[in-house]
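There are two complexes below, and they share subunit A, which is joined by subunit B in the first and by subunit C in the second.
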Partner chain A sequence: MAKIYTGRDGSLLFAGTTQAKVTSWSFQADLEVLETTTLGDSQRSYTPGIQGFSGSATLLYYKADDGSIDAGNFLSKVINAGATGVTTSDVVTLTLRLADGADENDIAFSAYITSASIGASVGEITSAQVSFQTTGSLTTASLS
Partner chain B sequence: MSVYLGSYGNVYLKRKSAQGEKASVVNPADVNASRKRFSFDFESGFLVSGDQVEITSTNGATLAFVTSAGWLDATVQSSGKWYINVDELGGIRLYSNFSAALEGNVSDAIALADIATDIPITVKIANTIPRMLGQCSAFELNTNREAVDTTALSDEFRSQYSTLMSGSGQFTAYWDYIDVTQPGVQEAPHYLLQLALRTEIGSEFSAQFFLKASGYTTGNDVDLVTDQLWYEIDGIITQAGVSFTPDAAVQVTADFVTTGPIRLKAKLATEDRLLQEQGFGMQLEQDPSALLLLDKDQ
Partner chain C sequence: MAYPTLVPSSRSYNSGDYPVKTFRAQSGSESRILYGNRRTGMTLELQYDNITDANAELFLDHYDETKGSYTTFTLPTDALNGWSGNTDALDAATANSWRYDQPPQVSNVRPGISSVQIKLVGVL
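Then we have the complex of A and B:
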């Protein structure tokens, strides 16, 4: 059945757990192309290079009934007091989902949180903006 | 249930200053004891006739320009509160009550004394008594609660989270600058125009907007006659205007926004009665002759 997807159909999963208060996510796929144009060619030609993926999300800084902070998983990856900084153990597994009932269209990947910001403003809800950079290939890409 | 008419609502204003006190100096030449007036450097509009001000010397010296007649204990001190009348030249006379300050008669002013040295002072508006806004024909108070959208992905209905509260409103009153029939009882509507021009200390005031005043009930239940319900706010005049047309009474209109909390208060019980949730008597730990003191109304 035909369907137009909206924010109602979207969700963000952190290590397989749906985050409750996500207000937006975005995902971008990039491909570096290597030029193979040679003398005598009339048009430029390219060959595929390295692929990369990145994205961002906005989450409300929200404390659930069990005391957990919804955005805390993301923030703690780059805002922490550890002396070792960010290591390979800080890779996170994210799934960006657009669902039509049981029909789930996912982009799943491992990524590093590359930036996180949070603030408080008078009269506004406190939210966290995080950016991520994938590492390795996508584990699931079922958008089509 | 009953239908209430606006004719029994009223507004009480209390003068105040938002930006605290002003520092200045009273020079010997500023005091004219024979005319009972003195002055110090202040911007036009800083003080308005009828203000109750607290004058304090900042170097610990007594306020020697106010004679002993101006003090309750007849002893000149370093700080005191008086009502003032400000004349057209910026001269100030001190009075012991509000109505006399509005009338500004020299004979009623507190006697002053010449001084020999400068007295550094601070002055702040220190009114404590709310007065009914005279000839008020209408008032409006709106409360506004801001809501922030907290709708998240996957939600099917918008969710909102309440945040800050604010208020605004408007007074309308028939313009007059003095109440000659009951001087000192009501605040003249002209004060709203003066308040809007108080650039140096701000146009802040406290107000009580009565939805139901004492002495009025729509039904036969006389127990409700003394009930009072009112909003209590601190506000800032944002706009004041007066319009003159040949075929209508002159009216003053003042818009305001609230600052700080907005409280909706009620006084539904008989005055001077201590309420408790239990039905039994209140036990005192002290001996039987001990008294329970009540902070009762006058």
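Then we have the complex of A and C:
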């Protein structure tokens, strides 16, 4: 059956666990193209280069009944007191999902959290903005 | 094995000079003696961007074939593609041939794709 997807169909999974209070996510795929134009050509030509993927998400800073902070998994990757900074063990597994009932269209990948910001304002709900950069190939890409 | 018949991405040519010896007096007066009637020492830099590794290997093979900078060779017309003037103006001058000025510089861009930089000098 035909369907128009909306934000109600979207979700973000961190290591396979759906994050409860996600207000938005976005994902961008980039392809670096290498120019193969030669002398005498009138139009530029290219060959495919390296692909890259990145994205961002906004999550409410939300404490669940069990005391866990929904956005904490993301924030702790770059906002922590460790002296070693970010290491390869800080790679996260994320899944961006657009679902139509049991029909799930996923983008899954490993990524580093490259930025995280959080603030508090009078009269506003506290939310965290995170950006991520994938590493390696996508593990799932079932948008089509 | 002939020089690879590929069209470069960019080209830079320096037309060299005639064999001239210059003497300058303390007064600033200058005398020049011409020792030959053939221009030589022209240089040609060719850049081949984002070509396949197989094509990049052709340059390495040709460099090996010419024993590095030892043997001279002529260039195919492909090397001067895009130049609308007379090709002899941009090629090694009459009685000159090209030799490698330095080994081909190969830069690997991504798997299967490389860029090659060639520097040639025209010699009698």
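Note that the second predicted complex is superposed on the first by the 144 of 144 C-alpha atoms of A that agree within 3 Å, B and C clash if a C-alpha of one lies under 4 Å from a C-alpha of the other, contacts with A are read in each partner's own complex, and residues count from 1 in each chain.
What we mean here is this: a residue touches a chain if its C-beta (ideal position, glycine included) is under 8 Å from a C-beta of that chain, and two chains touch if they have at least 3 such contacts.
Since the model is a prediction, treat every value here as computed from it, not as a measurement.
**Student:** Give one word, clash or fit, describing how subunit B and subunit C relate on subunit A after superposing.
**Tutor:** On the shared subunit A, the partners fit.
**Student:** Quick check on the superposed pair: does A:Asp90 touch subunit B, subunit C, both, or neither? Answer first, second, both or neither.
**Tutor:** A:Asp90 contacts neither subunit B nor subunit C.
**Student:** Answer with first, second, both or neither: which of subunit B and subunit C does A:Val122 touch in the superposed model?
**Tutor:** first
**Student:** Tell me which partner A:Glu104 touches in the superposition: subunit B (first), subunit C (second), both or neither.
**Tutor:** It touches nothing on subunit B or subunit C.
**Student:** With both complexes overlaid on chain A, does A:Thr47 touch subunit B (first), subunit C (second), both or neither?
**Tutor:** second
**Student:** When the two structures are overlaid on chain A, which partner does A:Arg8 contact: first (subunit B), second (subunit C), both, or neither?
**Tutor:** Only subunit B is touched by A:Arg8; subunit C is not.
**Student:** With the two complexes overlaid on chain A, check the angle at subunit A between subunit B and subunit C, Cα centres, nearest 10°.
**Tutor:** Approximately 130 degrees at the subunit A centre.
**Student:** Between subunit B and subunit C, point out the one touching more subunit A residues.
**Tutor:** Of the two chains, more subunit A residues are contacted by B.
**Student:** Using the touch definition from the top, say if A:Glu35 reaches subunit B (first), subunit C (second), both or neither.
**Tutor:** A:Glu35: touches subunit C, not subunit B.
**Student:** Between subunit B and subunit C, once the two complexes are placed on the common chain, what is the minimum CA to CA distance in Å?
**Tutor:** Value for subunit B versus subunit C, nearest C-alpha atoms: 39 Å.
**Student:** Looking at subunit A, which of its residues have contacts with both subunit B and subunit C?
**Tutor:** none
**Student:** Enumerate the contact residues on subunit C facing subunit A in the complex.
**Tutor:** Within the complex, subunit C contacts subunit A at residues 6-11, 49-51, 81-83, 109-110, 113.
**Student:** What does subunit A use to touch subunit C in their complex?
**Tutor:** Touch list, subunit A to subunit C: 34-41, 47, 49-50.
**Student:** Please name which positions on subunit B make contact with subunit A in the complex.
**Tutor:** My answer: residues 146, 148, 150-156, 161, 163-164.
**Student:** Which stretch or stretches of subunit A touch subunit B in the complex?
**Tutor:** For this pair, the touching residues of subunit A are 7-12, 18, 20-25, 60, 122-125.
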